């Protein structure tokens, strides 16, 4: 039902374009169909039923769980479908698994596969394959980034660290059914268990516990069970797929799919028709650009990630929540966000995106209130000293802010400097590349540092770092027992309503004792060439879930 | 006697020849202008201390803002002037440094040969094995870790640019020197028993000045631009400070290119004109010291 | 002179210097009949090389050039000629031996290559043929081990060898006019004699004309048919060699002949012409030699003497003889 | 001569050794590493991975391990690509190479011509015009130039593809393939050429200005050689001597990739990959590649010295 | 001959060129430019060196002044082996021993004005004050027939002869004890040549300067030199006093040389000894007497046996089987 809202949003956009001074206007998520599909460039039309989408150069590891680059994940998602998928609200929906049951006690998971599932080589996909996949992830030699032990499968650690030859908690009931027993209730387990499935007699061919080296030979010869089948990989150029006739939903109508390597701005490629789909930086310029093309179906959706500026909680200054609150209130986030995103983002108030079921607008403030900030600082003992910089115990309130170059920073820095100066804070800025930023934050050199989360499949992912047990160094030094309990409560049940309440309670607590300055929920602006129908990107899975529906427009 | 004394001074002779060259005077005039523009100009701007103005972003040039405003509503003209301070210092500084370091090491290496040459050239080899950009990247990252204050960092970056830059010029100079050393006039200096210093600076140096001038002019432009590359990686000038390079860089989309030329044309033109006037100046200097040039 | 190969008329060649423009060649006229050798002698710096360069059209436009006059080569004015026409003459119909062989050869090309060039350019012969000819030429100018010299570079040869290479290059295409600017200064007398013999035989066999610039009066006496004496850019005396040597008219010419040391006639002190050449940039209308002339008169300091014919075929520009004729 | 070459080859060892130390320790000083770059990793997982990749060893030990492998010809194993570094380099380097080679040839060809012409016509309209163009190209950042070129030739005129190396999804073989690649090469080559030509032109112009005043040029003219021969054979030969050094800088650059140009044109080259490796701190790849370039650099410097000795007969290689 | 040590003593000097160069010229032959030459020059005398072009005269000159390395032999200056001195010692000695280059143009730096070129060594050795230099240079230039206005010009603005005089000025301004003059007057017209020769004589008379005078012009050599060596293909053929050599030449090559001197009298035609035969190759010199290939009196013995350099009368040495 995107069509109604589209016209509405369209007007909003025009309005946004006209009066930039009116800052509160926020573009709504919308699908705006192309005005002139006939304008599609010939390059694209000539390509027929092959769809081309831009992607940054992947690492070339196309075996799920083994990739180190997120782009490899995109490559995999075309040919591997998870057991449990996520919808645009962040809710779990059926993937390869037709359904799943979680026992009353929340510890036993029973997955039932769809009927007649096949890998793209035509061989059947069975519960054995799932067992193999989970076992492999427990292998002591496994060097990928998935930490399956968080699922707490019974016997998992014995396999990983001990002599066990199999994992006792995994039980194959029949070809289509598998039962997994865990020893801890966690709302996260479902996603951990419900990932992609590796074909046992392919990826497991020759498997010996403790040695996974043989797998590297298979990284570029994936066999999956997704809508498309891998054809070829031309490093630096493209990855080609063909429709998978063994896919349970039937082969997609668009017979070919290509991920083309693009770096940075892909506007020109979309414009010349070399790409059929492209996500662009969300801003008014690019929106107008897409509109002007005429042949672009525009889709604006909100990412599941959120941006934030973290405090270094180990520093004495930030031990006092009042100071942190002052930093939040003293920063004109609204101006920053609307100047930079031109309406294509909104100021964040809680650590979860508004697309999520866990979101609430009732908690947290987005206000800019320098007076209150000043008052809070005074209360915290930071009084104005020489040069209009606050001091306490002879120490000046000079804070070092680390951020990456480009992007929001260029807008944020000047404004933040001014804002903080006004309330008596001296903000020193250092830019560096992302990795350096991470390393230095890890060392605790910073006072403030900017980050953005990755896509957050579960709202828990948005808060887990705040836990004192979390080893995420970004939030080192933060947290209280009370907050820990509140965080734990959010995964202590599998019931969505229960979790929602738990999250809202947590968010309130976080407001009192802010771990970070929430910055923005950004939109993603994507254009699809109108000759192709079926792109329905969302903030959780991008285009992955909609690939099966790709077809040529009539 | 007066007059003769005058004409005898080599420098006066060069200066006279230089002043006869209209193009190089234009170059000089523009350089002086751009310096005044950058260092004194901001004093006359009403926008120097004005910060971000979100109500006024991306305005086309107008009576209030002669060169329009940027993405944060700042006056482009004022920013251009302030950016000039940094870019000019970086460009000229890097030029002087690289020409001096490269020139001196090249001359020494080509002149003394033997062990000195081996040492300098092997160091050059090693330095040249480190590709420029990442090396700067690394060094700048380290600098930041060492908490060097941000406002000084750009000058250290400048220093690094020339540290990375010297082996190239040094090798060029060295090969010229090797060739020159074989010329008979160098044998003549040997016969006269001239001091090495004189051989180096009076005999060899003038013969490589044209090379140094070219390399110097090229390095000004190079440095101004690579400064922005550093900014691109967040290692150069930190916002809200500006440099010409990063002013262009921040207008980095096709849309800005098309719709908002006032964002990139002024800094682009400034770099261009600076580089070209330095070149004119260099050409004038080259001709002034070139005994063969006698255009009337 | 109808059969003149070269006819130079009122040539004015100037150079630009720091002090101003100088007329290195000032209103010089002469001609070279076919098969004859004309020698140009004169004080160092008087413009002999400038005459040669002007004829060849090789003065760099940045440092000076021919300002007026005519240079007729086989009837055609070289100054009015198109570039490519002149080019085809150079090295082929007329060629030149430069005074300073060391700098006149390309340091990075082999000797052989440089000799072969005019051959291949003008005679349109194959490389192999050209090499053969080049080797012959090297032998011809009296250098042994031709094959090795062929492959060496200028810096590996001695001054005299380079000079002979220059000669070989100039002779490569059997020119009708050879301009030789001090071609034998670096040669020992036996080789000099050999080269002069060679030139003489070319002159006789092929009626080659030659403009020989030299200060070696012995050489002049041996090869010249006609001698021109220059001083400060002007011709001050000219005439057939025998007459001129026997009976020099101009005080400068007389001085020159006196100054020459002669073997077996050793004196303690050689005769010299006192004084300095005037600064070419600040010449006043006078006889340019007047400052140094032992017979200087009042008129000499006020007026430039015209060159005029004497009855014996000699010509001289000197007030001494004006008076004689007037008187 | 032979002795000299042998000696210089021998000197390459300490030089490369020094380079390897510098490279290794510089990279080890860079903040951040591959494992930390993945924010989703838990601390335990990180610790495990540190162990797995040997990051817990002291730097010096790691250096020697790396060096030992280097000496065995093993450049290491890319963390990001999960492939041997040599293989990763091999995957991308040739596409960088063909672009670099094409633009190298074009750049030198044009630069020589233009440099010479503007030297012999010093201060003519042509010289001024060229000077302006050269400096305009020089004052333009490469990404900007790339964007402009794309905008004009690919987007507005639609003459040429905006990027990539082959037409997406195409299966050309033989000549068609060559043609397709060639078509995609034009714009990046154009940009690289425009960027590279400026400096070179200036060098040639000065060198030529020095040479055309020499006496031997006069001799060449006196031989009646065509002006073309005079300039190109006699003049250029001498003017090219300093260019040998310049040329030696190009050799490593041929394999070094052009980071920004490749990114803008989506060219599957090593430059873009290098940058990407940098952003995820794939040190084995970074160090392996840098070392590879280092070897090329040192070798080409040696080559330049030898060539210089050959090309300029006056410079004898002194013992 | 006096008993005091000669100012210059050259002992068995050898200089071979053509160490293998170029990767591809593996077997480039070795040119024996100077092949075992010995002679002495007494203080205050002018020693003339004549000989065929390419016979190694310049090479000897440069080797003596250590402007080139030598292959073998010794060069003693005032009893000191020049080739064994340290660079610093050598530099201090330089102003005392000067060289006038055969090729003046290439020995001048194109970018240095001649006034500076002439004066710089004075400054550099601290022999003169900064403000006096110009005066001194002017003086020397005038002695050499040039004027003050030439000082500010660059080398390329001069004629060949003028450049040669610049070379001379540059050497004599240092008031050296010993000058190697390599064809110093070859490009000068006779009147200036006479001036220069007179200047040399005067310098010698007044300041007891020693010259090694390399020239082709035998009349000049006769005029200036008290003893003369005749070189052929890197070997000394004859050595003697002026009188001995000019009135009683013993070696056929010397005779040929003397007979070839052109006489400035167009009416006079003279009998010359024409040297025929193959021009020898210094890389592969003829066996026996090096001159035998061109000697009109050569015998079988000359082909086979190297003649010894013997003293035939006091101070008159010759290497020839026929005397």
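For the reader, a short list of remarks on this structure follows.
By letter and in written order, the chains are A, B, C, D and E; residue numbering begins at 1 in each of them.
Throughout what follows, contacts are C-beta pairs under 8 Å (C-beta built on N, C-alpha and C of every residue); 3 or more make two chains touch, one makes a residue touch a chain.
Note that the coordinates shown come from a computational prediction; the quantities given were computed from them, not determined experimentally.
Steps from chain A to chain D, minimised over paths through touching chains, total 1. Among the pairs C-D and B-C, the greater number of C-beta contacts is found at C-D.
Closest to the protein's overall CA centre, chain by chain, comes D. Separating the centre of chain A from that of chain E, both taken as means of CA atoms, is a distance of 89 Å. If you average the CA atoms of chain B and of chain D, the two centres end up 22 Å from each other. Averaged C-alpha coordinates give centres for chain B and chain E that are 51 Å from one another.
Taking the mean of the C-alpha atoms as each chain's centre, chain A and chain B sit 45 Å apart.
The residues of chain D that reach two or more other chains are 30-31, 150-151, 155, 213, 215, 241, 278, 312, 314, 316, listed in rising order.
Each of residues 103, 105-106, 152, 156-157 in chain E touches at least two other chains. Each of residues 17-18, 60, 62-63, 100, 102-103, 155-156 in chain C touches at least two other chains. Within the complex formed with chain D, the chain C residues making contact are 56, 58, 60, 62, 83, 87-92, 95-96, 98, 100, 103-109, 117-118, 121-122, 153, 155-156, 166, 169.
In the complex of the two chains, the chain D residues touching chain A come out as 30-34, 36-46, 48-49, 52-53, 79-83, 91-92, 95, 150-151, 154-155, 158, 161-166, 168-169, 262-264, 266-269, 272-273, 276, 278-281. By the touch rule above, chain B contacts chain E in their complex via residues 4, 7-8, 10, 13, 183-185, 187-195, 198, 202-203, 206-207, 289-292. By the touch rule above, chain E contacts chain C in their complex via residues 17, 25, 29, 31, 50-55, 57-59, 102-103, 105-106, 142, 145-147, 149, 152-153, 156-162, 164-165, 183, 186-195, 197-198, 201, 216-220, 222-223, 246, 256-258, 260-268, 272, 274-275, 278-284. By the touch criterion given at the top, residues 20-21, 23, 265, 267-268, 285-286, 289, 335, 338-339, 404-406, 409-411, 413-415, 417-418, 428-433, 436, 440, 445 of chain A touch chain B in their complex.
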